[in-house]
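Alright, structures below, take your time with them.
Both complexes shown next keep subunit A, but they swap its partner, so subunit B is in the first and subunit C is in the second.
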Partner chain A sequence: MRSSRFTFYILLLSLVLAGLWTGSAYAQGPTPTDNEVNRIARQLYCPVCESTPLDVCPTEACRQWRDLIRTMLAEGKSEGEIKQYFVEQYGVRVLNEPPNRLVSYLVPTVVILFGAFMLFRGFQMWIKPSMTESRLEDTKPEAKPFQDLYIAKLEEELKKRK
Partner chain B sequence: MIASFGFGVLIITFLVTLYSVFAAIYGERKKIPAMVESARRAMLLTWPLLTLTASILIYLLVNDHYEVQFVYEVTSRSMPTYLKVTAWWGGQAGSLLFWSWLMSAFASLVTLRKWDRDREFLPWVIVVACITMAFFIGMNVFFENPFAQLYQMSTGVEAHTFRPAASILFIPQDGNGLNPLLRHPGMVIHPPMLYLGFVSFVIPYAFAMAALITGRTDDRWIRLTRRWTLWAWMFLSFGLVLGGRWAYDVLGWGGYWGWDPVEIAAFMPWLTGTAFLHSVMIQEKRGLLKHWNMLLIILTYDLVIFGTFLTRSGVLSSVHAFAQSAIGPLFMGFVSATLVASVGLIIYRWDSLKSETEMTSLLSREALFLLNNLLFMSILVVCFWGVIFPLISELFTGQTVTVGPPFYERATGPLFAALMFLMGIAPLSAWGHSTVKTIGRAIWKPIVGALIMTAIIFATYTRNAIALVAFFLIALVILVTIYEYWRGANARQKSQGENIFAAFWNLTGRNRRRYGGYIIHLSMMLMAIGILGIELFQVETQGTLEVNQQVSVGGYDVVYQDIAQFQGPDGREVTRAVLGVYKGSEYLGELNPRIDYYYDAQQTMTIPGQRSTLRDDLYILLVDWEPASATGATFKIFVNPLVNWLWLGSLLFLVGVFIAAWPEKDAEPVTVRSQASVQQQTSAAD
Partner chain C sequence: MTESTISAPRRGVPIWAQIIIWLFLVGLLAIVAAGLSRAQQGTVQPGQVIDNFTLPLYSGYELDGKSEISMEDMRGKVIVINFWASWCKPCEQEAAELQTAWKQYQPTGQVVFLGVDYVDTDPEARVYLKKFGITYANGPDLATRISQYFRIKGVPETYFIDQSGVLQYVQIGPFSSIDQIRAQIDPLLK
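Entry: the complex of A and B
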């Protein structure tokens, strides 16, 4: 009698534990959708194919990597953790931009600012002497407007006929 | 036999090109016009020789001569004839030959013009064009022989130009076939269009070098090559658009531009070419920026060669692959040598390139064009850095990185916005001098109009701040352009007594460059609308549907109805889905996305089903994440708002370029009455 009661309690405990285990599996959530997988796959590049994002890569290897993303999402992993996993496996080249943004943005920024500075200096050099000259121009007697118009028209016509 | 004959003609062409270079230099240095004429005729001879070479290659392609390595790599028996012909540019060796053939055609066209006034340019134009041609033909002769044949040796099958000892000719039963991605109509025309653009930019470069060598550094070389530059720019622009259309139709990711290094390689010369097109106007009108214009055309030329090098040398896959590739270092050497020589010439002629006048106003048109140049160069810097940064990273750290769309979009977005703002202001500024007041008087009405349009978009379409700023700028440019057109037509209407339509027509005819340019600006804004729509408002979903199951996206309801699998006529297996499309209760039609599997290439192609309107594109892909069956299939569905404005804008762009490049009518004589004759008539009237 005592042994059958003991067996009953063991069976009951086993059932409860089994229920808890399946309950916890259910609590992992439904299977991630294709859209959720794509959201992350779009930010990763195929480690094998050139310049091909993971969400559009047609190879079998990419199919397996997308399945892996789905599995990791189902396990509750975050986007950052999934991307970090791929980086650890395949290197930073799987990310769609360099992790060190400072280096990638610094050089073009410096070059562009330098170009803008050179242009600004150029403007300063061009405009300043002509401002000095225009003051000198102000002291000259006014040219006859009609002759200026005639000369301007003539020059325009000559240029057109070149 | 035929292949060997083709190779022989190629060698002869190479020698003729070299002769042309040396004869032109010798004839010019020794002042022997007959030698220069001989050089010109030698250059003319290259086109029929290369046409013969190309014809032999096409004959081999069409007639399934698989003992020729190139034919084996790019064709197969199941391909239709037209694709076998276009396979000419479907591989490295053939595309290099295609480049040379186009170069010889353009060089011949140039030498056939009248040279009476510009005789001193001729020898140097021949030298530059033939050096470029000799380089590309040399690539074919020494490294990428399109006529190399396959031989069975004791070690296996190898390709050789001449039959090695103890070998026999190997003739495969069938070829590999052209990459299925290249069998799309867009890909048939895209490489020729792009190469036309690349090659035709060599001509203004050749004239620029001739101007530097001869010391004729006035704007004569610019006037001679103005139309060449415009046509080159048109071909390059349209080639880029066609590439985008091809990507949209066959690459299966719902986009048209992925900031792929190969795309950027063609985009970079377009940036400098566009800057050059604007900048030369400053030299023509005001005699300014002669150094800068020389530098721009040199940059464009070297970026053209660099672009060809990037796509052909393997350097983009890995810097180590580049080092092992035969042609990579040679391309790099040629680019470096031409850059050094060209810049050396600028330094040599530095004093003679001094500006004739000065800039007097920060708001003058020339100042704003300079800002325009700065912005284009800035975008170039971003693109160039993005392309070479992975190589630098690999070289110095051993670690490869990827520079993808986020970098380019973040970095170039503000620059493109600034460019659009300039496009709204610059047409209203004057050559020589403008003030805030003069521009303000002209621009306030378009600004008000743009604000009203932006408010309407805010109320009815989107609250996205970036989109609103962009739409404001687009509206501003469109309204400024229309306003400029209207001002000119109105003035003409009043002065000539024409009706408004005749006034518009004649106004455009009288100044085709200017008003053709305005139409090009308008077309760019239409394209910008399309780009904004797809970039900012694209909606996407993916899922597996059972038969008769429905999914809703972007206002559409899509029902999976059927799937079929059958053999295509050209050796492919087709899996084709049938989907019904509804908007509310209205049935809009049927779409048929499909997957084509090519047995010869062992490759699949994903062709979308598309429903295109001006409002948006419904774009559906049959995705093979899971095998498709009658019970279920996986679809990726995009709704791409406004994207068709991109393609529409590109058609208007062609119209604009044709107008801008059309020869001007002879200038109408202008009567200018002298003061003396006015006084005479006045006294006579008295």
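Entry: the complex of A and C
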């Protein structure tokens, strides 16, 4: 009875150890799927073809770069590490977003807003000046605005022609 | 008795704002002009002195035991810089000719062939080099710095630089024969 119980525990321990040992074989990770590869490839541009995202680029070179992403994912590299590698190899232009986002987005936004403000001020100045005050005045010609002087002269000329 | 009106005085744009606006517009135009000018520039032209640059070399393709070389290291020799890529089919047309030419000039010690791998992957580049039996120094153009300096339009392109570091000839596209390569190197050696 004791020996059978001892044998049972030995077998159990062996099974546990065997399970741990087979578990370590998965440390490398399964082969990344196409979706996982394209999730990163979508954030990169083909270094050769202009304005073509790497996930949809049909060339052989792009297929090689996607395979490279797959290999790096299988090695356990993170998305940031993979993108950094591509930047080091092919330049910052392979990224679909500029690395320094604050400056890259803030400066154009400020410039556009400033330009819109200047346009708005310009349109405002084109609007005729509104009537802000009106009052009765004496008939001194020098006191009248230019329009009244012109109208007065026109009326005078018309009277002469009658 | 007539009514008259007093209009609100016109307010112009302040002088400081006008200066800022004009400076901004001039600056913007200058940036656009510089960009257009650079875009219209072709590759570097013969007669230009080539600035110093460094190229890391693939293991097994070192030069004089160095894993990284610079233009300064090769001063005093005729330098043949060939831009290529493993995905470039026309590059395959001239690969054998370039290797043959290298074998002919290597014993003289006066000519250096340098292969610059343009936006390529390491494994495919090595397959290409092995496929054509290339033995001269080769390395990747990291971040495309060297190709941007030469303003290459594509691959293959080959640049011939004399002993003083002055660019003498630019070959756009593949060589059709080894005689074409020799025709550019031999005059520089005299």
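Just so it is clear, the second predicted complex is superposed on the first by the 86 of 162 C-alpha atoms of A that agree within 3 Å, B and C clash if a C-alpha of one lies under 4 Å from a C-alpha of the other, contacts with A are read in each partner's own complex, and residues count from 1 in each chain.
FYI, a residue touches a chain if its C-beta (ideal position, glycine included) is under 8 Å from a C-beta of that chain, and two chains touch if they have at least 3 such contacts.
Predicted model only: the values in this text are computed from it and were never measured.
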Touched partner set for A:90, first subunit B, second subunit C, both or neither: second
Chain touching more of subunit A, residue-wise (subunit B, subunit C): B
Subunit B versus subunit C as contact partner of A:58, first or second or both or neither: first
Touching partner for A:45 - first (subunit B), second (subunit C), both, neither: first
Touched partner set for A:35, first subunit B, second subunit C, both or neither: first
Touched partner set for A:107, first subunit B, second subunit C, both or neither: first
Partner chain(s) touched by A:81 [first = subunit B, second = subunit C, both, neither]: neither
Residues of subunit A contacting subunit B in one complex and subunit C in the other: 91-92, 129-130, 134
Subunit C-touching residues of subunit A, taken from the complex the two chains share: 47-48, 59-61, 64-65, 67-68, 87-92, 118, 121, 125, 129-137, 139, 143-145, 147-148, 152
Of subunit A, residues touching subunit B in the complex: 33-35, 38, 45, 50-51, 53, 55-56, 58, 63, 66, 91-99, 104-105, 107-108, 111-112, 115-116, 119, 122-123, 126-127, 129-130, 134, 146, 149-150, 153-154, 157, 160-162
Residue ranges of subunit C touching subunit A (in the complex, touch as defined): 1-8, 10-13, 21, 85, 87, 119-121, 124, 140, 142-145, 148
Residues on subunit B engaged by subunit A in the complex (per definition of touch): 220, 223, 251-253, 258, 260-262, 316-317, 358-362, 367, 370-371, 374, 377-378, 381-382, 385-386, 389-390, 393, 399-407, 411, 540-544, 604, 606, 624-625, 634, 636, 667, 670, 672, 674-675
